[in-house]
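In what follows, a structure is listed as structure tokens, so that the remarks can point back to it.
Note that the chains are named A, B and C in the order they appear, and that numbering of residues resets to 1 at the start of each chain.
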Amino acid sequence: MKTFKIGGVHPEAQKLSNEVSVETFPLPKQATVFVTQSLGAPAVPVVAKGDKVKVGQLLAKAEAFICANVHSPFSGTVNKIEPVADFTGYKKSAIVIDVEGDEWDESIDTTEDIVSEIKLNREEIIERMKACGIVGLGGACFPTHVKYMLPPGKSADFILVNAAECEPYITTDYRMMLEQTEACLIGVEALLIASGAKQALIGIENNKPEAIKKLKEAVKTHPKIEIVPLKTKYPQGAEKQLIQALTGRTVPNGKLPIDVGCIVNNIATTHAVYEAVQKNKPLIETYTTITGKKLEKRKNYKIRLGTPLKDVLDTVGIPENTGKIISGGPMMGKAIANTNTFFVKGMSSILFLDASESKRVPESGCIRCGKCIQACPMGLEPYLFRMLAVQHRLEDLEAHGIMNCIECGCCQSGCPAHIPLLDTVKTGKSQTGTMIKSRQAKKS
Amino acid sequence: MSGNVIILAVIVLGIIGLTAAVLLFFISKAFKVEENPMIDEVAALLPGANCGGCGFAGCRGLAEAIVKSGNIGELRCPAGGNSTMENIAKLMGLEAVAAAPVIAVVRCNGTCENAPAKVNYDSMPSCFFANSLYAGASACPYGCLGCGDCVEACRFDAIHIDPVTKLPVVDENLCVGCGACAKTCPRHIIELRDKGTSGRVYVACMNKEKGAAAKKNCSAACIGCGKCAKNCPAEAITVENNLAYIDFRKCTLCQTCVSGCPTGAIHFSGATSEPEMEQKADE
Amino acid sequence: MSENLLQVSGAPHVHNGESTKRIMWTVVIALLPAFMVSIFYFGLPAIILTAISVGSCVLFEYLIQKFVLKTKPTISDGSAVVTGILLAFNVPSNLSWWLVILGAFVAIGIAKMAFGGLGNNLFNPALVARVFLLISFPVQMTTWPEAKPIWNFGFADVVTGPTPLGILKEGVKNGGTVSQLMGSESMPDYLQMLVGQMGGSFGEVSAIAILIGAIFLLCRKVITWHIPVSFLLTAFVFAGILWLVDPTQYATPWFHLLSGGMMLGACFMATDMVTSPMSARGMLIFGFGCGVLTIIIRLFGAYPEGVSFSILIMNALVPLINKAFKPTPYSKQ
């Protein structure tokens, strides 16, 4: 069975909400839509206070190269545009909408019918993805259309679809594969057209046998798509690891997947692409797992962007003694510092950790066991990074390849001395990156 | 027999020693680096803390720069201050420009009481990292994170985190104004201000949010009301982006603003801080 | 106050539960089979010496941390216990109690704490102490009580005898051939060597018991296979080549694997996390060096046994090995 070559860990899967079908979360009374919903620059609002908006109407336009359009997930009136705190507590520009009814833009096909035939050509599909504000839903929220604007001289051999869902707890991709099988595959077909690639490989970890079975059955009518079961190991879904697992190719340092002829997308993104290409529906919803060991009402929700997080927390009820709430999975997700915030693109999970497992164990001295090295899927030396980062030796950090760190957290999750390895590595990486940038700026 | 061994050992070791000495002599000749001895002399006059306040990597860097350029000009050791610069000038036969001594000032008053914590930070004790993770325990995105990067940066042991307020406190006597703390603070809360003879007045807040938003997280925040600017007899105060700033070049230390600030965001501190003492006594 | 607040921390938010404490106590458990065998063959003194060694190691660590370094004592992490057991395992069972305490002081005080405590020591503390004792008190450290099953044990007459390696070293030096010496009366046969009925430091005699412990450690992922396998394999191959060259001068490779501290050294001493290399390739090199040096010292050196010396020498090379043998980066695969 295929997997990536070195490192990796096996965190407890905890797929507690596996069997819960996706539910649509009810509309809120007031919603707040951030204009920054992707990696890169913020989008520029095109509506003003008092404007009436419909579902799917453009709210903020992407003007920078790496940026994604933001559409209204609701119909109603724009109440105000002001800075609002996101889950970190930092304020970002957001559009507040008073929700009135649920009136959709006429250009959007709101029926449940599956549209199989793809009528758009390559350029039109890319343009549609851009117009609909599709971003990578694996977590990084990179605008998808940018990936398909291939640099001159480069071509794609493979579309790789990440259906590994290697993060513990999260189950939305799994539900998506079971419930929206055909839609996802049509999305993949659209991506094949958009890229000019000959083949698409969907990588699924073998702890999801039902999804593998269902997809294998469904791809019989899609000759260009192949389902590849993968050995369960975290971080299978990381771009570089998935490429290695599926194609055996390795992305050289500082290069992009397209340099080895691959484009990687998440399975949830393919669904969003399907909706955009076939139904002209912009990305206005997020599929989110609400889970936690102590949570009784575990859910897989389809939530409109901009819905207050508080509404969801009130609906499911925060379990007693919750010590930490995480947006995303427990390995790479971010702790929520401000619960008074709103759903954004790519918020794939809300995870409640009990107080007993949320407080970190105090660190003790490094015993040089080398477990961080064994766990690192990039073949790096986290213990060394930590040592160098503490001493601010940025040149040495660069020489030892800190910029290749993918921040998967494998090192820290298995450190017997409970050293906050990833904290220090992230700090060192960020400072080294700044140093490299200023050096390049000096040169040019 | 034993005598022979001793003589043999002495001869062998002697030859080894001699050869090594000759080799070393020639090697040191061959690889000798010519350097202006003046650099060493200047470096000896510098404090040797390598704080980086001068803009060079260490004291030697500054010494080299001074000697190589042949004049002092803008080069300055903030840690050593005027006396050090005079000594160097004397040594080099140059004229030193005296500069007013500066001191680090912490422009945040988000104590545990003024800005109560809403979440608990549980990661590496680094302001840099905390800054990348969240807005702060009190949710003020401009406030002190309290992890002590400034304490670590200080080579003079002049700044410490107060265990009660969780804010850094500058030791007036030890701070040399090198600015290492100001450079390292990810939120630029620490400012170098004129030390002054009798103290200094400053706005202990960096919050640029609108008044209500700032006040929500911290009762001691500057709300940008502009009262201080209006009442300042020296016209030293400007309000920009909802935040007051006192120009220390114009400030006369009259302290009208300190008592007049509705949130108590303006502070006076100094060696002879009598008005503050009185105020405390009143409370 | 902060109890009820939500925690904010960087990813990852889960941990696999591994801890230094768990690792150390797992090693202690893995050492139990060898301890049982030593009780079986050497009786009460084995228990007493182990207790003294462990007790004094823990005490020294506590005292040094509390009063010299003024830090919070971390004796519950079990590392001092492991050092204590390993030190005891590396001495003859009739060693005076005060020598063991001296050894414990050298191990903890000099080899461990002076270097900065757990994680910072360059050399394996137990081995430093053993070599210190061996060089300072050669007579006491090389007077080996004979291994006798516990029912034959009498306090009154402790019979001492040489170790298999000692017999060989002396014999070959005096002009004997290996086959003659192997046939001599005091030489144990392979089966006896396997289960541990031979003279030697009381914890190192039983290859079987040590292997059981090592397999346990492997299963619990406390150690990896690299060091023991490369150590033993190198020693086996190297000794085998010499044996093929001149079987009258050099013993069989089997003999080398089963005698002396080879098993204990390869499975428990060389694999000490703190003093062994970090990457897989580094570990292989480390084991290779240990194997070669052991055989060289055993066959050509002044001492009959070379495991401790070889591991200590390789310990000193670990920083270099760590620099030279990095893990293979992703991009080079």
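Couple of notes before you dig in:
The rule is simple: a contact is a pair of C-beta atoms (placed from the backbone, for glycine too) under 8 Å apart; a residue touches a chain by one contact, two chains touch by 3 or more.
For clarity, every value in this text was computed on a predicted model and none was experimentally measured.
Pairwise, the chains sharing the most contacting C-beta pairs are A-C.
Of all chains, the one whose CA centroid is most distant from that of chain B is C.
Averaging the CA coordinates per chain and comparing them to the mean over all protein CA atoms picks out A as nearest.
Taking each chain's centre as the average of its CA atoms, chain A and chain B sit 41 Å apart.
Between the CA-based centres of chain A and chain C the separation comes to 49 Å, rounded to the whole angstrom. Between chain B and chain C, the centres computed from C-alpha atoms are 51 Å apart.
Under the contact definition stated at the top, the residues of chain A that touch 2 or more other chains are 334-335, 337, 358-360, 420, 423, 426. Counting partner chains per residue, chain B shows two or more touched chains at residues 118-119, 122-124, 129, 133-134. For chain C, residues touching at least two other chains, in rising order: 6-10. Interface residues of chain B facing chain A in the complex, by the touch rule stated above, are 118-119, 122-124, 126, 128-129, 132-136, 139, 141, 209. Against chain B, the residues of chain C that register as touching in their complex are 1-2, 5-10. Of all residues in chain B, those touching chain C in their complex are 117-124, 129, 133-134, 137.
Interface residues of chain A, counted against chain C in their complex, comprise 5-6, 9, 11-12, 168, 240, 244, 250-253, 322-326, 330-337, 339, 351, 353, 355, 357-361, 364-371, 373-374, 376-381, 383, 401, 404, 407, 409, 412-418, 420, 422-423, 426. Across the complex, chain B is touched by residues 83, 85, 88-91, 334-335, 337-338, 358-360, 420, 423-424, 426-427, 430-431 of chain A.
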